[in-house]
Every structure is written in structure tokens, then in C-alpha cells.
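In the two assemblies presented below, chain A is common to both, partnered first by chain B and then by chain C.
== the complex of A and B ==
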């Protein structure tokens, strides 16, 4: 009975998500973020599409990470942080009083700048999310989820023989792919990535970028990056932030070849930032 | 600019090097002094206290004749009759060993502890089936004879002493040669009850060890659970504002409050206020429960500070990772943060417990001292609610008594206390290693 219901929901989900392919997943309206008295994000309006990689670029301290963190309410953990305006996920304001950030974060996964695997086994790292959200009814299902996630994280072949070795024993690049696999194990709809490659060497970066491109078929990916080349390589849409303002947002090709704003041009040509 | 050679040090460098050497020498001196003091302290403790673990006893066969015992039990002063039995047995024992003596009964009994008749009587009462047989007893020697065996009492002072005579010491020498009188390991010091002021040879540390155990159970139960819960709330859940700042500062200050202040607090809050209100047996002076609660108050700041420090040391990235996966705050804390902080929390708690174990001032203030010779509580409820004592309080008691034999007992108690503290510290190190090595 339950399983039939699950299949139905899944089916419906897939249908709606297919329809949403070119549709807006997240829509931010007049978003302001304050850290105490400091106004970190000013009047940002942005629409993030489903099944697209959106890159946030900009100089250090421009607020791109802050804005990313407000998309799954990770800023709630900072006492002095205050968010105003509306951020709609599938037309529901995530800052509504009725929204439980815990539920939201299951839908909007996040990968951090520094690989941060739990000091547990590789298996437990992946299984943690599904366990707390009750995604698996038994051990066999959990095993399936772990394998599927590790495969989608493009790390299965490297770790399949040592699933019970500590996740912290992997190399930096492997750890980051493990973290990505962990994030997608909870079946999120949006994946936020905060400079996921900044701690990685070029080879690991290439692997992660390839992975991001693959993830696009299932998720809406938002990535913050310092590397303009990376933004150009992996993203379809790019947003340029400067001093807390969203200066320009458009197709990646257009931003890099034909920026409309002089500040964008200065940044991508290396004159500011 | 003049060209200088690298082979000769210039004035500045020489001065700098000299300063460095001087500083190293200061450090080395400081450490040497510290180590010397520690060694001297250990030497003093061991040389003064080890004697308490050995006790002189007189081995003799005592025939338990039924008529004599019945007669003794009929008398008014029962132990006096048992004295007679012991004296006769000792005369017989000496004759058997070929030692001739003309000593009077009273002087002869001076060699044996004053507690011996009572000991014999309680043996007879506990083992009535042994009446009619001859039983080998190892009776305690008197404290001065014991002191003579340990070198505390010397012949030169015998003439001036009312407590022992040259004749007694001569006899003791002969008895020792004959193997009747021997110094042996004194288990009774560790397990036995405290004794009255006149018989230090029978005094034991048992009730004090049990009392400390009872208080440690209360402290471990209250201070660790309360402390860890308070720290988790303050560190992970409480908002950062003026109110929590004030709490934080006060906790740090509480850790530096003299323990006797906690004793007075316990006296006024638990005993004078809560006790009469609740009418509860447990809340009264000299119960281990109240002692434990006072020590809990004293230990809480230590536990909270240690726990908060180890919670703070857990990298925030772990919290981010868990929250980012949709774990709730509580899940994040209990699944990830707490296990990682566990070694630090354990170490802090054990150090807090060790501190509480060695505390005497607040306990003396709330009267955690047993009557001389009182035995350890015999039921679980009495264990916590009845009159009790603690190791440091007992040590203090002994150190205030006049007889120098108690001095040895006090040092012996310190050795036992130190063994407990050392064990707890080693436990803390082992637990820390074990939990940290997992990843």
C-alpha cells in the first residue's frame, strides 16, 4: 500500500519536474540580508531555473556565499543574521513562519567549501541523511541508496571495496565527491555548492566539474565560485555579485562575452576583484 | 657598510644568544625545583604512611573453655573476664616457647591492644560452635609495642613513659625471636572501622573509603548530567545575548570560588532550608547525599567549562554538514557533536570528580565526620542518608588526634587517597586515548 503510494508520488514528481525543465525553481524577490548592522545583500532579485547549473561569481566579500546560504536557510544558524524579502521555492516562500528549515534543507542540499565528511565510515556518511529522513525501510534499501549515491557522486569505483573505512581517510578530492554523494543521497531538488573546488587540485577539480555537469540532468545546481573559468565551463546561467548587489544575471555565454554592465566587464577582464 | 664574516658573531647576536641561554636555564631550574619537591613529597608521604599498612600482631592459641565463657558472660564487666582468658593464654604461649617471665598480668596485657578482649568476645559470639576448641588468634599488639616494632618508640624514653616499660620491650624482643609477635600486612587498615582515640592500632579507613564512594556516585550522577546538559544548552541552543553572557561570566567565576563557601551554601540551603521543608531523611547534616550535593555544586563549574571547551573544539564544518543534510539541531548535537566532544567531556568530568574526591573543607563544615569507632552504613539507604564520612575528612580527623600513631594513619590515608586520584587520572587518560584513536 505504502509502496504503491510512494511510486505514485515519485511518478507525479517526475512528471512535474519534467514540465519544470525550463521553469523557475527558485525565485528571489527583493532579498536583503543583514549581519547585525551590516547590509550584506541589497535588493537581490534572481530566478534560478530547474535542471540548470547557475554560477554565482564576484570578488571576495561580495555576498555570493551569503546569498547562497540564505537559499536553504543555513544563515539561521548565525544569530545576528537577518533576512528580508521573499525567496520562493516552487512558489512557496521558504522564510514563511510555517516552514521548518529542517524540511527545507532536505529539499535543498548543500556542499561546502572545505570537504567535511563526518568522522564515520564512508557508508555511514552516505546513509546518515536517508536514515534521519526515513528514506529506507530496511538494510537492503539503504545499501541500494548508498550505492546509487556513490555512483552518482562518481566515487563508487574508488570506494566500493572499503565502504566501512573512515570517510576522513580519503583524499581531498575524494572527500568532496563523498560530500556531494552524501548531499544527493537525501534526494534533494536543488543542490547548493559553495566553492566546492577551492580546496582541490586541478585533477580533482576536473572530476568534480564533470560530476556537476552530470548532476544537472536531475537537479537544479547553484554553484559559488571564484574561478571564472570554472563558471564558464560548468554553468548555463551566471550571476555577478558586487558589494552585495546583483549586478548582472544572464546566460553564461552572454555574461562572459558581452557583459552589459561595466563592472561585470571590469571583473571578468581582471580589472577589479 | 662594513663587510663582516659569518664566522664571528657580532655583539647583538651574542647578546641575543646569551639571553636565550639564560631563559633556558631559568626554565630548567624551575622544572628541577618542581621535580625535587614532588620527589620529596612522595618520599615523605610514603615513608610516613607506609607503616600504616603493616601492623604488629601476637599469635597465640586460646582455648575457648565453655565454663570460663559462661562465667565471663555472667559478669558485669564482660571484657575484663576475657582479658583474663587472654592473659592466661599468653602465659601459656610464652612458657611453651621457653620464655621465662615474672611479669604481672596487667603489664603483660599492656603488650596486647586494649581492643583485644572485645575482639575475642565478638569472635565467640559470632562462632558459638567453636566453643570448647582451641583457636589460633592473631591479636593486635598495643600501639606503643607496634611503634617499637616500627622504630617510632625507642628504649631511651621508656623510663619516662607511663605507657610502656623496659621489661615489656625486652619481652617483645624475645617474643619476636620466638615468632609469637610479628609485623604483617594490615588489611584492617583498608577495610576496618575507625577506632577510639586510645587504640590507634585498630583504626581503619574503610568507612571513609565507602563514604567517598557514595559521594562520588552522587557527584557523578548530578554534576556530570547537569553539567553536560547545561553546557550543551549554552553552547548549542542558547542565543548569544546579555543574559547568557552574564551566565557565562558567572560560571567562570564560580570555578574560582573557595570550596568552603560551597560548604556554607550547602549548610544553609540543603541542611537549614531544604531539610526542614522536605522533612526528608536524606537531607540532613553528615549524610553522604548532602555531601555529594555540596560537592556537585563545587564540581559543576569545572564540568561545564571543560564540556563547553570541548564542544567549542568540534569544527563548525561538522555542524554545517549535518544541518545541510536536513538534520535537526538536536540530531546534529547528539549524532555528531557530542560523540566528537566525548573524550574532552570525559576527561573534564573525571578531573572534576577527582577534585571533589580530595575536598575536605566543605565536608567538615556540614559535619561529614563519623563518631569514633562507628562502622560503615550497612544498607543502601543508610549508605546515602545515614551519617557518613569521606577520606579527606577522616585524614583530617586523624591528624588532629594526640597519639603519634594516628599521624602514621593519616599519612596512610593520604596514600590511599592518592591511589584513588591516580587511578582516576589514569582512567581519564585511557578513556581519552581510546575515544580519540577511533578516527
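== the complex of A and C ==
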């Protein structure tokens, strides 16, 4: 608990500096998302800070994953999905016509609920993004990127001897860390994680959470989670979604200890959800 | 009683048994369904199965036995002279059988009384006319011995049928009674019904398997006969195909094999890229509306009979190619002498195969999990990069399977080749141009099988028996392809997904 207290204090310091340093990474204004006729996200305003872990919590179907997917335009792949409003990444609207969603997704990486390694070797899984975006000039550089990413994904020691074995042969927790390493390899600025631990056992979850905490030094991490303990453990900022509305957004410590909205309180104390 | 009536009788007994079994089970549980081991209808089915299944099995066995034994017993009594004068034993037997059927029909139509048949005589009555009036046409006049044999045959069939009817009715009733006696609330009728369903499914599967084995065996025996008449080495390594029904044929398989592979290769070169690209478009790019229209339209191609494709090759596509590559053609080259060519048949066959490749590949590409696509898009890959580097590798085993299935179809295709590529085998010995040039006429194994079997030839010359050797060759070829397809699928299935 002391460490959490430290984080909170540290966080408050950060926040005071925010205003002058303006380290807001993503800023969403009046975002609406529709699936066909269904209004999935209503009027969401949120500012996500750089080098911070932001957790989205809320009951199933509250729209937190939908909102997450609209941050890197993954919703574009769904035909009936429509997004309105503004989402600014470094003060540039990502839904602007001039923005190429493919380039955007290279900048805003994503890790999914279920580990989804490609049916390729571990090496090729990691090298996939760098190859597509031409990040390595030669084989040696690519090897270097692969090793660096796997190290940052905290899985290097487990796979260094079998880089050319299929990625699908790893265990669930290893696969998820491989997917995180794969997302890191393209050097994104923001990392979106959609319930990254929901398919993992407690040990693998702990490993991934530790990893998320380390990633904070380089990236802005947004994580959707069903586990409130997880949100409390890994995040500095928490947003609570309910029925498509962003009910409350603030410091994690504050949300969990002193929520302002009665719905937030009901949810974190287990009365709704 | 005819076979059909007997069948109906068994079904009636079975239906009756169903209701008896059901009500008896309920009665034994005093109307309380929950006290029964199985559901009431299981008891009904149990009785119905016992009343019908053994009887039906015996019926099938009896009919087969009768068809084997009875005509043979009559044939044994026919004098050698008659066989000599008619030509062969099977010919005599066919005639005797026709007369016997005719007599039967005559009795049924009331043209002659049953008891008068015994005294029927060729001298005193026109048997042929009588039979004809009953609707059975006879090729030649009836001679005395044949008529007597036909009478014997008719009598024996009648006797056997009588025994058969009694036997089957007894078996059916015995089954009925046995099952009814066993029916009480503790009897495990559900297990019996479940086992009968398994037996039914096993029977269906084994019929398919045994038929395949039977076909292969019969082809093998005929092929062995062929190799007694024609040296195997000349068949397998002969470079000339010149079948001649007067004898002295050259029956080398190599030119035909070459033609088959060449035409199939061109067909696949057309079908695989087009079909695969169409599948990728349909599953990855097309809107749902487009897909719902385009996919069935493409699949219509698969429903067109190949003879229609052959017609297209002969009347439209062949002349079109001739107009391009022929003498005085649009390209000013003189490569083609005839509308029929390897290229004509190959391309038209390729068009025929497009829906096979596209439809199967489309299903397979669709079954690649969405998570793979999301993963790739999430890393900033474009759609085509995703298709090329993630989806196609993941779908590879299925796509290879689709391609090999298409290849099997190409190798087995006949009509398009007959009409599009001609009937002359590749010629190896004149000049290389004669078998490499895709604008030349060439033919395949399948068309030669048809050609060798049509006509009057008896199955005792190498020219006709070669058809079986060709058939077996073809079978082995497609079998190898299928085994290879399985191997590919197995090998990659572990690595992918």
C-alpha cells in the first residue's frame, strides 16, 4: 500500500506539471460511436497522458472496448461501425481524412484479449511489424530489434533458444507476452490493451502486469480490464464506463478510495456490474 | 406375393410393433413415463427394429442367393447343342429369362391361364406373339428347348419365392414377438436403438469403402488379363499410342500420360490464380452485398455440365484461338492449324475449375480467425500485407487441398478434352514440336478409355482390355495426388493454427 501511496503522490506531482508541460497524449472530445443504430459510446471526453497507465473499467457491454478500439481506428474494419467527434493524438485528429489508419495503427499499437500470435515462428512474429514498416536496414538490425523487443516483453529468456519454433507452440501467458513484444517491436507511442490478461492464469497475469508497469517508462498504455484489482495494481489513471457513458475519470487511488459518482461506488463495491 | 408387397408387409408389421412396444412399456410402468428406463418411443423403435431389420437382411441375402443359384441350375440342364447354335451361354440364359418373364407377364395380363403354361408348345402356339402381346419383345423365335427351360425357370423361381415369403414373414413375426416379450419398464431400449443407429451409419460407410475396393479389384483383374496379352514394359514405357482394332496396336501409355498432365497443367495455371484471387477478393474485400451476389454466381459455373464446356471449347473458344494464332489470324502468326488444341481444352478446363478453387479457398480463408487479421491490422499492416503474410499462410493447407482437388478433376475430365483437344495422342518420335507445342492436337487417358470401350469389341483383345489398365493408371494418379494433398494438409496443420 505504501508503494501505491507513493505512486499517487508522484502522480499528483505529475499532474501539477501537466498544465505547463502539456503531456497529454490522446484527447477525446464528444466522441460518439454507433454500431448500426445502436449508440454504443455517448459523449465521451477524456484526456490520456503520456507515460502513464490508464485503465478503463466498467461492466460488460459498457463500451470500454469499443472506445479503446476507436483510439487506433480498429473499428474501421467493422462495416456498420461509425465514429463521430474528435480524437486528437498529439493534437492531430485521427479521424481526419488526411490520416492514414494504417500509419496510425503503427503509432498506436494494440494487444488483444486472446493471445493471437501469427502462425509463424517466434522470430517472424516479432519481425512482422518492423519488416512491414521498414524499420531495419539489414538482418543484423532486425535481429537486434527482435531481441530488444523480446527482452522488453520479458520473454527473451524463455524463447531465446527457439526463436524459429512456431509462436503458436508457446503457453498462453508466453503467447500474450509475445504479442506484447510484437506490438512493441513497431515502436508505437501508445499501447492499447484490450483485457490482456483475461485468458491467462494468475502467474502469467502477474508477469504481464509487471511488464505493463515497466512499459510505462516509454509508452502511454491504455488497458481495458474487468478486474478492478488489476486496474488498481497497474494503473495511475482510471476511467469508469457505464452504459456507453464515461461516468468518472481520475486518479486511480481516488476512484477506488473516494469515488465521486454513486454509480462508480456501486460498481467498485460490487453492487452493479 | 411380390417383393414389393413383402416389403410393405414387413413395414406394416414394424409399424404395428412400434405401437405395441410403446404401449406395452407404458403399461408395465403403469402409465408413469418417469418409471421407464428409456423414453416410450425407444421401446416402440426397439420392437419395430426387431420386426423389420433381421427380416430385411434375410430378404436381401435370399434375393442375392436366388439370383445366383436358380438361373445357374436351369442353365446346367441346357444341352450343349443349343448353346452352340445360339452363340454363348450368357446369350441363351438371357433369352430363357426373357421368355420366362414374358410368360409371367402373359399370365398377369390374363392372356393365358397359369395351368395351361405347362402344356404350352411351340408347335401348337405362337409363343413369340403371345409374349409380345404381354409387352415383352423377343429378338428371335422361341425354340422348344428354350421354352421348356423357361418353364422350369419360372417354376423354380416361383418355388423359391414361396419359400422366401414364408421364411421372411416367420422371421419378421419371430422378431416382433421376441422384442415384445422383452419389453418391460427395466429393459434398456434406448441402448438398443442407439446401437442400431451406429450399425446403420457403419453400414453406410462400409458400402462406400467396399464399393471402392470392389472397383479397384475388378480393374486390377482385368488389367492383369491385359498384361497377359500385351507386355507390361511396352505399356508403361512405350512412346507410341496407336490403337488398332485389327490387332498389332501400339499401346504405350506415355503419350496419353503426357497429354493428361499437359492439359491439366494448363488448366491449373488458369484456374489457380484466378480462383485464388477471386476467393481473396470475395472473403477479404467484397462488401456483404457483393459477396452474396458474386459467390452464388461464381458457383453456377460449377453446376454447368462439362459437355457444355466442351461445346464452348469446340464452337466458340477453339475458333477464337484459331482466329488469333491460326493462318491469316489477327496476330499474323501461323502456329495453329486446328481449333482443337491443348491450349483450347486446357483454358476451358481451367474456367471450369475456377469455382472449385475459389469456393473452397473462400471457405478456408473465411475460417481463418478474425484475431489473426486484427493482430496484423493492429500492427499497422495494410489489407494486402495481411492477406499475403498472415491469412494465406494460415489458410495454406486448405488452399493446397482445394488445388489438388481441382487437379484430380482436371485429370479425370473427359468431355472437354474430346471436344477441345481432339483424339490424337501426342507423338513423341516425329519432332519435339509435336508434343511440346500447346497449339497441337493431343489427347488424354480418359478419352482413350471411352474410345477403347465403345464399339463392338469383346473383352478379350488387348485393344479393349487396355481401357482397364488405363483406368487403373488414372486411379493411381489421382490417388497419389490425394495422398499428397493429405500429406500437405497434415504437415502444415500442426504448424499453422
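Here, the second predicted complex is superposed on the first by the 251 of 273 C-alpha atoms of A that agree within 3 Å, B and C clash if a C-alpha of one lies under 4 Å from a C-alpha of the other, contacts with A are read in each partner's own complex, and residues count from 1 in each chain.
We adopt the following convention: a residue touches a chain if its C-beta (ideal position, glycine included) is under 8 Å from a C-beta of that chain, and two chains touch if they have at least 3 such contacts.
Keep in mind the model is a prediction, meaning the values are calculated, not measured.
Taken together through their common chain A, the two structures put chain B and chain C in a clash. Of the two partner chains, neither chain B nor chain C is touched by A:151.
Contacts of A:79 after superposition: both chain B and chain C are touched. By the touch criterion stated above, A:168 is placed in contact with chain B and with chain C alike. By the document's definition of touching, both partners, chain B and chain C, reach A:102.
Contacts of A:118 after superposition on the shared chain: both chain B and chain C are touched.
Superposed model on chain A: among 20-28, 74-82 or 164-172, the stretch of chain B in collision with chain C is 20-28, the rest showing no clash.
Residues 72, 74, 77, 79, 102-106, 109-112, 114, 116-120, 128-129, 132-133, 166, 168, 179, 182-183, 186 of chain A touch chain B in one complex and chain C in the other. By the touch criterion stated above, chain A contacts chain B in their complex at residues 72, 74, 77, 79-80, 102-106, 109-112, 114, 116-120, 128-129, 132-133, 166, 168, 179, 182-183, 186.
Across the complex, chain C is touched by residues 72, 74, 77, 79, 102-107, 109-112, 114, 116-120, 128-129, 132-133, 166, 168, 179, 182-183, 186 of chain A. Those residues of chain C whose C-beta lies close enough to touch chain A in the complex are 287-288, 369, 371-382, 385, 389-390, 393-394, 495-497. Here chain B touches chain A in the complex through residues 239-240, 315, 317-328, 331, 335-336, 340, 438-439, going by the rule given at the top.
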